[in-house]
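Written below as structure tokens is the structure these notes are about.
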Amino acid sequence: MGDADEPFSIQSVSKVFTLSLAMTAVGPRLFSRVGREPSGNAFNSLVQLEYEHGIPRNPFINAGALVVADTLLSRHDDPKTLILDHLSRLSGNPAVAYDPEVAESERETGFRNRALANFLKSLGNLENDVEAVLDLYFHQCAIAMSARDLARAFLPFANRGVNPETGAPEYAVRHAKRINSLMMTCGMYDASGGFAYRVGLPAKSGVGGAIACVLPRRLSACVWSPELDETGSSLAGTAALAIFTTSSGLSVF
Amino acid sequence: MGDADEPFSIQSVSKVFTLSLAMTAVGPRLFSRVGREPSGNAFNSLVQLEYEHGIPRNPFINAGALVVADTLLSRHDDPKTLILDHLSRLSGNPAVAYDPEVAESERETGFRNRALANFLKSLGNLENDVEAVLDLYFHQCAIAMSARDLARAFLPFANRGVNPETGAPEYAVRHAKRINSLMMTCGMYDASGGFAYRVGLPAKSGVGGAIACVLPRRLSACVWSPELDETGSSLAGTAALAIFTTSSGLSVF
Amino acid sequence: MGDADEPFSIQSVSKVFTLSLAMTAVGPRLFSRVGREPSGNAFNSLVQLEYEHGIPRNPFINAGALVVADTLLSRHDDPKTLILDHLSRLSGNPAVAYDPEVAESERETGFRNRALANFLKSLGNLENDVEAVLDLYFHQCAIAMSARDLARAFLPFANRGVNPETGAPEYAVRHAKRINSLMMTCGMYDASGGFAYRVGLPAKSGVGGAIACVLPRRLSACVWSPELDETGSSLAGTAALAIFTTSSGLSVF
Amino acid sequence: MGDADEPFSIQSVSKVFTLSLAMTAVGPRLFSRVGREPSGNAFNSLVQLEYEHGIPRNPFINAGALVVADTLLSRHDDPKTLILDHLSRLSGNPAVAYDPEVAESERETGFRNRALANFLKSLGNLENDVEAVLDLYFHQCAIAMSARDLARAFLPFANRGVNPETGAPEYAVRHAKRINSLMMTCGMYDASGGFAYRVGLPAKSGVGGAIACVLPRRLSACVWSPELDETGSSLAGTAALAIFTTSSGLSVF
């Protein structure tokens, strides 16, 4: 419905895909470098990183996504192409692409992410050059996709790792299940508890205004509306999903 | 199976029931005094409380359960009897009772909980006398029930608030759903993310060794084994539930 | 000048005297239970205590003063009388006394101090009963003295531990010197740096409006004016001392 | 005595000189961008910065020294030459110079300082380019001077801002006094309280093993011994100064 085919920056929704690729590439050892717990409130993110010796709390906070990007750089010659090919195939849209202006803008103003990456490097949890990790991260945030593209790309998470369009296994069954659990507990920044309470679906939001979600074994969905609430998630998107799960009775709870 | 009829101290599992009673008594305004977000790591619990002006992050950390107990004291003449009657009815076991020795032991050594209660009082988030709130809290932790009792008492959470034995609505549908979401994101102390990842069910653990859980619309269960892992949850109980959901494919994800 | 003979609650200024008595009673081992470092900003006081395993940063934050009071309870049969006798002798005023109404008011509303004391107890850094420690602490804060009394009682700190009126050694030379250093770095709550910058004298403030200070080898002084600045120290008192040291050139720097 | 003429990297001792130059250049407005309070324990430095909106606690922690360097870059065309000329003149040693190998090594491995600088930039408290600020900071740490040089360069702090060799006023009287107060409360990293307690002199240490100090109106001194204690200050140097002030009775307390 609406602007379902309008492309936008998927921003943090990209973290779900890079995590999926990293779990396939690295296996369970990935979780020696990044945790699986909600981060609590934002103000403690940096002290948490120091206190826990450079292990980010989960792969969806920025520090965790930087570590995930670092593992992709270590395992693949060209992770930027890998990610794009993956998303083109999943969405069925060959036009999925990086928006170079957005990536450049992130690079120029991303002082906080640059601070995090240097801090991770100082704590020994980045293998690659700081600027190379940031370049990959800024690019993944700048991927342009539509709500329809994202909803399709989320289908394997609702279908035990299998792409229902092609029948191809995109992720291991256990990985799909576990990524859903991480989205449920950590997917909505510091508001994952409230989102689980109101909506009750594993989901990932991005500051571009997208929220992609799944009901395991049933469906995937994506809403997009740029105005954000105070937690950084789409205001109208969250409301639409709350109405959807309440009126339909479709939720994991 | 096993010692399913052996009574033990349910400890923090009691927080699910007091929360349910408080949601019925107070309604959504309850969440102006206690949050719905995971707390992050333990070390910041006190600074978080101060930073967020005395609003505990969720009803399952001790500070939050003290606020919930405070609301029951304000709304009911005899909350101790109310809780016992509720659990006897749900479990079908009239012998559910407070263990006075355990309650007394908690009272004598509960310096940290007494610190939390006084801190909440100083921040304006307790209405009743500090010692009265602590007395109720120490008693709810000292309730003696068996694994079978707890599994039965959790059935309404798996059944949209209705007691399947009697057909009686124990909680509003929306409350049952929301308590499940709170158990999923906050039920296992600071290890809720890892538990969701490994087991994938809404659950609540207690330091007595119990873990009670539900699969919405399907079943409730309780495991009990006193040896605890480093996060304060039953070691064998968590392993048993992980094997159960992996081999059966029964989980919300 | 002015209301120099008007008695008021000395509040936290009492911490200097209890520390002096504890250093005499316990010796250097005292500093295995309480630190000697400034505490940084207030918001981290509780997390600091947990992070540093129950060792308060210095004897002038409330947690540190509670530990000091605990040592006096362990070493003396009647520390309340000990403290009063000490201050009567130093000030030359036999009317120095506890104000029972103030002590009772502290007891009834001191939820935060009660939280701290229970937290210290839970971390193993109080030997005596929590309420006994609080009772002593609430009484020491409720001592009624005048500005003239306090200035006289501070003379030994300016005179290498010797009471210049009587020639009696009240404290060891090294203790007097070290208490001065602790007042310089930690005496003014979280504003010790700013006070050193503006005034340049070892000093201790109390929320009753007093600031007592010394210029080693030269003088002691006390100002009293109840209006407090945002850091909890006397607004006019700080300004008066800043004018005094700037115009006279008398400061340790 | 000893290796008094052996040059070494002065490291953080340089922060005293850049602060002095910045106070002259900017005046009291400098302290709207950097505080004057001890920082408390190290673990909270980053969260403190965030909590206090990018205002470092004092000019001697790394974040504060980066802000000071930023002000010099904004006010002077060539702050590197300014600093060298200043130190050559004060020490009477025209050979004072930057050690380019040390500066380059700092640049290559200074991930934590780069994290801090980017974090300050993201919080709006750096005017200049992050790499330019870091370049100046890494150079000031790499200044090579001897203990004799540093002792001479500290003389104006002991002499109300006047260089006793030349009679030239190097700093305003009030600035010299205030820099002494900042050294007393904040000069020894997180061990300023313990150093004041043991030694009792305003001082600044560097991880190169130097401790420079003053007794106002009497003397300046510098000790150098590279082995560091757990707080990052010279182990033998601190002990030597403690013996010196105890046996001579020379201290501000």
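Lettered A, B, C and D in written order, each chain numbered from 1.
One rule holds in what follows: a residue touches a chain if its C-beta (ideal position, glycine included) is under 8 Å from a C-beta of that chain, and two chains touch if they have at least 3 such contacts.
Since we're looking at a predicted model, the values are computed, not measured.
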Seminar exercise, completed: By Cα centroid distance, the chain farthest from subunit D is B
Exercise. If you tally the C-beta contacts for C-D and for B-C, which one comes out higher?
Worked result: C-D
Seminar exercise, completed: Here the gap between subunit C and subunit D, centre to centre from mean Cα coordinates and rounded to Å, is 31
Exercise. Quick one: subunit B and subunit C, Cα centre-to-centre, how many Å?
Worked result: 44
For this session: Note the residues in subunit A that touch 2 or more other chains, in rising order.
Result: 43-44, 47, 51
Exercise. If you go through all the chains, which pairs of them touch?
Worked result: A-B, A-D, B-C, C-D
Exercise. If you look only at subunit B, which of its residues touch subunit C in the complex?
Worked result: 43-44, 46-47, 50-51, 111-112, 114-119, 121-122, 130
Exercise. Given the complex with subunit A, which residues does subunit B contribute to the contact?
Worked result: 35-41, 43-44, 47-48, 51-52, 57-58, 174, 177-178, 180-182, 184-186, 190-194, 196-197, 200, 202, 216, 246, 251-253
